[in-house]
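One chain, subunit A, appears in both complexes that follow, with subunit B as partner in the first and subunit C in the second.
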Partner chain A sequence: MSKPKFVYVTYIRTTPEKLWAALTDPQTIRKYWFGITAQSDWQPGSPWSLKFEDGRTADSGEILEAVPGKRLVIRWRNEFKPELKAEGWSRCTMEIEMAEYYPDFGGKAAKLTISHELEGEGTKLVEAVSGGWPKILSNLKSLLETGDVAFER
Partner chain B sequence: MADVSKFKPKTVYVTYIDAPLEKVWRALIDPQFTRQYFFGFAIEIEPRSGGAFRLLAPDGGTHVSGEVVEWSPPHRLCVTWRVAGMKDFGELPECLVSYDIAQAGGSVQVTMTESHSWDVPDAILRGGQSGWPKILSSLKSVLETGKALSIETGMPAGFVDAVKKAVVEKPWLRSSS
Partner chain C sequence: MDKVFKALADPTRRDLLDRLRAENGQTLGELCARLAMTRQAVTKHLVLLEEANLVATARRGREKLHYLNPVPINEIAERWIGKFESGRLQALSDIKRALEEGTGESR
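Up next, the complex of A and B:
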């Protein structure tokens, strides 16, 4: 039996550079992540965290890989829900590619793939992020394509 | 009518769209919309349970054919789905595709569920897992910006061979479930 893993793919009309900026800029993250934002200098080995608006830490971890415009891997642990924190470390991989497209339609798009899986045993964290990522990534897509998010909460 | 209880969800994709719920429903059943976001295919659907359902290629050929299992506007549509327009694929058992549409705060949640009645190999499931994010990303763009993405369909590696193998071996005939 393979470990539970959440994988989500979305296509966004934008460039890899703008998508990378949206994934790593704290002010942009806050707009599509329901007020939560990230703190990191996005260098491999550096600490990383997600903070609520009131300053509490939602999640914490470390940047494992960072290739601007292409790939970001974060070692990630929940900090605010004891039953999720108890499951320990997870790994979140974000990959950016240019999508193939029909030039006739002019529909150039970047493909973003998010994979999130636990390092050890457990199912609760993957269940939780399975609900969260589609909302966050739908908002991110709206923000990049329209300048506004799809919804606030 | 298909026996829905025999089908198990295998692929689920959720997206949130900033558009009125009725408009999201219309985009799923109106050929003017589907042509934009569904690789150029036009939907043809009889608006009732038991009605006929097809996706027509730009040349008029039938790409997908099936039957309406549930017609509950504007919240749920479920159809049987047989890909007739691709070599070998039409010989596989039909699957079920459902769209559930729900208000989620100021946004509309669309959940696509692809269900199968047999133990489908992962290599075949990857066909849908590759296609649905393109289709539903483009649907969201059409509704929010008026412009589709129209991404290349391209099949994932191993997909065509897996379909060929299944058509020869017909594993669904010995499925115990």
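Up next, the complex of A and C:
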């Protein structure tokens, strides 16, 4: 495995349990992921997929690690764009920890770190994925902190 | 948000972010090699960028890799850009980029 292609960090005024639920509940995911949702039973070794609203599969893969409230690792491949699918598998790691950040929230917030590594070579998949994450993460933060998302699409 | 604006107010720190944007995941050594600055000065700037959450880090063995983290910048955009304005603003950016192409980078 090469070094991560990108690392994104956001601090959210919430608890690790609520953040984990937001990362794994299909109905919640749909709210901040522009209509896309994830399907999985979130057990190590289980299949995982991202679905468009019309039911088509956007990405698919497998849960490699799942420690509720702490760590989720997904083996991930694009399924709907041939040039992205050709780049093969990537690995997405989501880590949750409590961190000092918001002085006005008892100084604590859930820190979510998302990193993506490619198993092979290629740049298109990472470009496609990294273009989306900042907006998805802003939406997730906004949803958990205010109950509403910032971007509809 | 104060920390983000303070971090972005310095041209050297914006330059460091540009360098990470061009090549993500650099070590301190790699960043220093291309800058006419002492290692200590670069470290100081990186600490401020990390505190503002504009730089995220990952460990690989004994190396510390630095990544551009655009999430706080997106939060700034989200605060002042309305839900339905982003399409029009993108069109303006596209026009600006097309017209300014070849006339040097705008800062």
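The rule is simple: the second predicted complex is superposed on the first by the 143 of 153 C-alpha atoms of A that agree within 3 Å, B and C clash if a C-alpha of one lies under 4 Å from a C-alpha of the other, contacts with A are read in each partner's own complex, and residues count from 1 in each chain.
Everything that follows uses one rule, which is that a contact is a pair of C-beta atoms (placed from the backbone, for glycine too) under 8 Å apart; a residue touches a chain by one contact, two chains touch by 3 or more.
In this text the structure is predicted, and so the values were computed from the model without any measurement.
By the touch criterion defined above, A:Lys5 lies against subunit C but remains apart from subunit B after alignment on the C-alpha atoms of chain A. Of the two partner chains, subunit C is the only one that A:Ser115 touches; subunit B does not reach it. Once the two complexes are overlaid on the shared chain, A:Arg13 sits against subunit B while remaining clear of subunit C. A count of residues in subunit A touched by subunit B and by subunit C gives the higher number to B. In the superposition on chain A, contact of A:Ala99 is made with subunit B only, not with subunit C.
Judged by the touch definition given at the top, the superposed model places A:Ser142 against both subunit B and subunit C.
When both complexes are aligned on chain A by C-alpha atoms, subunit A residues 8-11, 134-135, 138, 141-142, 150-152 touch subunit B in the first and subunit C in the second. By the touch criterion stated above, subunit B contacts subunit A in their complex at residues 14-18, 104-107, 133-134, 137-138, 140-141, 144-145, 147-152, 154.
By the touch rule above, subunit A contacts subunit B in their complex via residues 8-13, 99-102, 105, 107, 109, 134-135, 138-139, 141-142, 145-146, 148-153.
Note for the complex: subunit A touches subunit C at residues 3-11, 113, 115, 134-135, 137-138, 141-142, 150-152.
Within the complex formed with subunit A, the residues of subunit C that make contact are 24-25, 53, 56-58, 60, 65, 67, 69-71, 73-75, 78, 83-84, 86.
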